[in-house]
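In the two assemblies presented below, subunit A is common to both, partnered first by subunit B and then by subunit C.
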Partner chain A sequence: MTKKLLLDKVHVEGIRNFDVYRREGGYQSVEKALKMQQDDIVEEVKKSGLRGRGGAGFPTGLKWSFLAKPEGLSRYLVCNADESEPGTFKDRYLMELIPHLLIEGMIVSSYALGSTTSYIYIRGEYDWVSDILDKAIDEAKQNGFLGKNILGSGFDCEIYTHRGAGAYICGEETALLESLEGKRGLPRIKPPFPAVKGVWDCPTVVNNVETIAAVVPIINDGGEAYSKIGVGRSTGTKLISACGNINKPGVYEIDMTISVEEFIYSDEYCGGIPNGKRLKACIPGGSSVPILPANLLLKTAKGETRMMNYESLSDGGFATGSMMGSGGFIVLDEDQCVVRHTLTLARFYHHESCGQCSPCREGTGWMEKVFQKIENGKGEMKDIDLLWDIQRRIEGNTICPLGDAAAWPVAAAIRHFRDEFEWHINNREECLIRNYGLAHYADPLEAVVS
Partner chain B sequence: MSVQFSKEKLDRVNELISRYPEGKQKSALLPVLHLAQQEFGGWLDVSTMDYVASLLKIQSIEVYEVASFYSMYNLKPVGKYVFEVCQTGPCMLNGSDQIISYIKERLNINVGETTADGLFTLKTVECLGACGYAPMMQLGKIYKENLTKEKVDQIIEECTAIAAANN
Partner chain C sequence: MAEEQQLFKITIDGITIEVPQGTTVLNAARMIGKEVAPPAMCYYSKLEGSGGKCRTCLVEVAAGSTKDPRPMPKLVASCRTVVMDGMIVKNKTSERVIDARNGIVEYLLINHPLDCPICDQAGECHLQDLGYDHGLAGTRYEFKRRTFVREDIGPYVQLHMTRCILCYRCVYVADQLTDHRVHGILDRGDHSDISTYVSKAIDNDFSGNMIDVCPVGALTDRTYRFKNRVWFLKPMDAHRDCDKCCGKVTLWNRGDEVYRVTARKDPWGEVQEIDGKTAWICNTCRFEKKKASDWTIEGPTKIDRHSVISANHYAEKVQPPDPLNKVLFGRKPLLLMDIHEVSKVNTPDIDLSKIPGPATSTTFIDRDEAKDIEQAEAERLLINDHKELP
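What follows is the complex of A and B.
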């Protein structure tokens, strides 16, 4: 069983309240950190091997060390709680159940980076979660962990929540900063990077909720202890939000040494697939990452067991692998239609494109239209090649990675499930009333982990 | 028709503005628009947006362009209860299509429409971060999760009853 670093206390009665959280050992990392040099904290985070949990997996300590420190300019820490990637609901879970963990991590991180005013940019729909955080912030302040001269250290810090208003693109860090400035969420051209020129033109670090929360155990136990959990460059624990056709949807903290098969079938995690159905496919890291058919999901192309960590999930590149992404784990059983599922994603990206770059703006709309046509029994063979062509033209040709995020799911669906697209086109009437089923990409193991 | 926040809400606006550095009061625009929409009938008409601009000392156009960018701001009146049903992949895998059809049938409206009595509006939305509790909808501040037809019936009845009691 995974040693839990973030969620071990979520079920303690009343853990949302400061007193209970404190009694359970909360805020010790603040006491410890305020006695350390700021650079030493950055060093611990580097040592831990922690990689950003927002999707890109960039080493956090390295990102922190890039923060510019020019004289006379304020520096800012902004927590990315925009969480809008389909399949992803881990940050919500953490904030809702154990809000003080995020606030604690924010205080330590703010101190390390020299940010005296830090923000939590939270998606607008998480209205009640933002109320929970506001209450936690108030309590921390009343108890001397926020405000002026925290614990007599001379360090001042305020944390504010800032609610978005419904726009996936505001999860992209530069769009998020625009939105924090009260503007439309239009991604900026990089460079300059936020570390040099972020919110209000000041050096800024943007980190995911889970990343910031992970700073707490790193400071408590030391970077080295953290780095020993997990495997290779996948250190520490990772929150996975599991959904789709599984018996036990929810948020799980894993230590990245378990196999995908165990994660899906063991009772400790997803608990297998309902109604004795078989596994057809899975998107292991949020809607933007490539979908994999069951055979490539459970084993890599080399025949090795696929593990739930950064390296193993991406083994084989996009040809035969996928990505850890945001940890949004979406399972499709044998009754599901990959074309229809990918259509909903194409519609999503079209809806969420900010419209600044023509390949993304036009391409996402065009892809959605072609998908509608195929799914509605009006597809032609050339439409498959057309989809392939459009996604190729978007990828790599845009200001921000939303373009790639829109292209990859389409590419992977065609790469691995081309026969299902063809079946829609050859069986235009039948595809309106039934799904294609399993075909050859059926779960090759069938034998279930007990 | 011009609108005006109560003294209490104006204090709230000033508290929001104070969260950002001196001269960066425009940063309070999103939160203040949320407040305005909540206070002034569930949507933002031009006079409301002009009022928000005056409070933040910015141009009206700066407010319009933001209000039109974000999906949570309504630029048209909506029903008293807005059913925002998620239709993205993970919810679809758990039957959101059937829930949407059922609501259409029950309320006798299409997506984007409001019932004749002005009580209900049906909208489809994209992933709301509740994929593990699918299918789901947002109803005001609240998420209604693990929806079934029975739950939908119950929600409609509750809303109707509350509205009747308030009349």
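What follows is the complex of A and C.
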């Protein structure tokens, strides 16, 4: 059983209130951190091996050490709470149930980075969560953990929440900063990176909610102790939001030593697939990462057991692997249609493309239309190759990774489920009334290695 | 500072050049010349912050720098990538680049109306040129194209949003040249729309420059609409004393009539720099001065662009040498009918009806000079063995 570092106290009665949270040991990391040198905190985070939980998995300590520190310029910490990736809802759970944990992590991280004004950019639809955070900030301030001269240390810090307006693209860190500045949420062209020129043209660190929350146990227990949890470069615990055809959808905190099979089938986590159905496929890390058929999900192409960690999930590259991503775990049972499923994603990315760069702006819409055609019984064989061509020329050629995120699911669907596309095309009428497959994919397939 | 004058070496498609630190790869390529310069649909050197969007200028970086010679994994936008010392870049020599660029052109065209036959921009349109170089002969897009209603924005400019490629140049013009920007991009993705804010008309002394920067026919000159085709017009450099702008323009004439006035363009299709300043022109010069007498004409404009408007004004092209001399080893070609002699047809001293057989050049030669005739006939026999005699 995983030792919980973040969600241990979520079910304590009244934990949303400062007093209860404090009584349960909250805000100790602030007291400890304020007595440390700023660089030593960065060092601890480096030692912990913590990797960004927003999707890319970039080592957080390293990111912090890149922050430019020119004379006379303020530095900023921005928390990315935009969480709009389909299938991902772990940050909401954390902020909603234990808001002070994020505030505590924000204070420690702000101190470490020298940010006296920090922001939480929160998804617009999470309006009630934003209220919860505002209340937590107020309470922390009343108790001297925010504001001027925190705990007599001489460190001043204010935290503001800023609500987004409902655009997925504002989760991309530079679009987020533009939006925070009050402009259209268009991703910036990099370089310069936020660490050099971020919000208000000042050096900025953008981190995910879970990343910042994880700083609390790292300071409390030391980076060393944190790095001992997990395996390899996947240290600490990870929040997984599981959904789809499983018995127990929800947010789970795991240490990254369990297998995917255990995660899906054990009662401690997802509790298996309902209605006696069999597993067909799964998107292990949020809608942007490649989908995997059951056989490649449970075992890698090399025949090893696939584990719930960064390295194992990406084993085999995109040919036979996927990614940890943001931890949005979407399970599909044998009744689900991959074509329709991918159409839903294609529509999402088309809708959310900011339209700045031509491949993503035009390509996402085109892919959606081709998917509509196939799903609606009008597909032709050439459409499959066309889809492949469209996604291939979007990937890597855009300003921000949304283009890649739109391309990858399409590529993976065709790579692993091409016969399902062909079935739609060969059975134009049947595909309108029923889904393809029905048990076909529940049995392990031959590994497809390209 | 000495550091700022440092020169960086960059090799593009095998040609090496030294450029000042801070130069972008695209500008370095432009310094080398047209052969290696990537196409640029959104970057505009005179507009700060432009570029990076259309992705037509993508290039492959085969070596990042002398210090770190690793290749870059992704193609990069050359208009927004700064040269590093020892960088090696592949543009036309990279298959990846050509493939990606073909893709970008396809993307740009799927929602484009392709209404060139009725578009005022035809002939000087960068998308036409790009499509010509990189496009497919047909389209693989079989769905309805995105359309918008045509809109007059202000008294002088017409917006044809359906043709827009969302390069954002006009937005930068409004930001950087006019006092208050009242138009911008609304909505997002492929349904983005350029529009004026709450239907405010764009009415500003320098708004007409948006027409000049628009790479396609999305923003056109209402005073020139459907008046003519650009390739029928004769561009002339001209100037006048103007209290608002530099007054240095190109007039597009047919006969004595001035059809339209534009700023002067450089080989990249951008507004020229004159005396160190970008020669933007004001709306008075552009829209109100349509009489030849308003202007002092300097002479024909040299248009140096690979596009239809260059027709008949090739600045760089040299007439190829006449190969006839070479093939005939110095002999003069014998023409069946010398065009100069034919004029004698008009002199009625010969009655053509009395000639046996068809008339030839010799038919018209003065009959008194029999000697010449004999000689001409001899020559003719020599060359094409044609026995028929007058």
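Couple of notes before you dig in:
Everything below uses one rule, namely that the second predicted complex is superposed on the first by the 438 of 450 C-alpha atoms of A that agree within 3 Å, B and C clash if a C-alpha of one lies under 4 Å from a C-alpha of the other, contacts with A are read in each partner's own complex, and residues count from 1 in each chain.
Here is the rule we use: contacts are C-beta pairs under 8 Å (C-beta built on N, C-alpha and C of every residue); 3 or more make two chains touch, one makes a residue touch a chain.
Note that the structure is a prediction, hence the values are computed from the model and not measured.
In the superposition on chain A, A:P194 makes contact with neither subunit B nor subunit C.
Once the two complexes are laid over each other on the shared chain, residue contacts for A:D127 go to subunit B alone; subunit C is not touched.
Considering which of subunit B and subunit C touches more of subunit A, the answer is B. Applying the stated contact rule after C-alpha superposition, one finds that A:K369 touches subunit C and leaves subunit B untouched.
In the overlay built on the shared chain, the residue A:N397 is in contact with subunit C alone; subunit B does not reach it.
Of the two partner chains placed by superposition, subunit B and subunit C are both touched by A:H351.
In the superposition on chain A, A:L386 makes contact with subunit C only, while subunit B stays out of contact range.
After overlaying the two complexes on the shared chain, residue contacts for A:P359 are found with subunit C alone; subunit B is out of touch.
Comparing which residues of subunit A touch subunit B with which touch subunit C, the overlap comprises 167, 184, 351-352.
Within the complex formed with subunit B, the subunit A residues making contact are 74, 83-89, 91-92, 117, 123-128, 158, 160, 162-168, 179-185, 200, 241-245, 249-251, 283, 287, 328, 330, 332, 336, 340-341, 344-345, 347-348, 351-352.
Subunit B meets subunit A in the complex at residues 19, 21, 24, 26-31, 33-34, 56, 58, 62, 65-66, 69-73, 87-90, 92-94, 126-134, 138, 141-142. If you check the complex, the residues on subunit C that touch subunit A are 51-56, 58, 73-75, 77, 80, 99-100, 103-104, 106-108, 110-111, 140-141, 143, 165-166, 168, 185, 188-192. Within the complex formed with subunit C, the residues of subunit A that make contact are 167, 169, 184, 189, 350-359, 361-366, 369, 386, 389, 392-393, 396-399.
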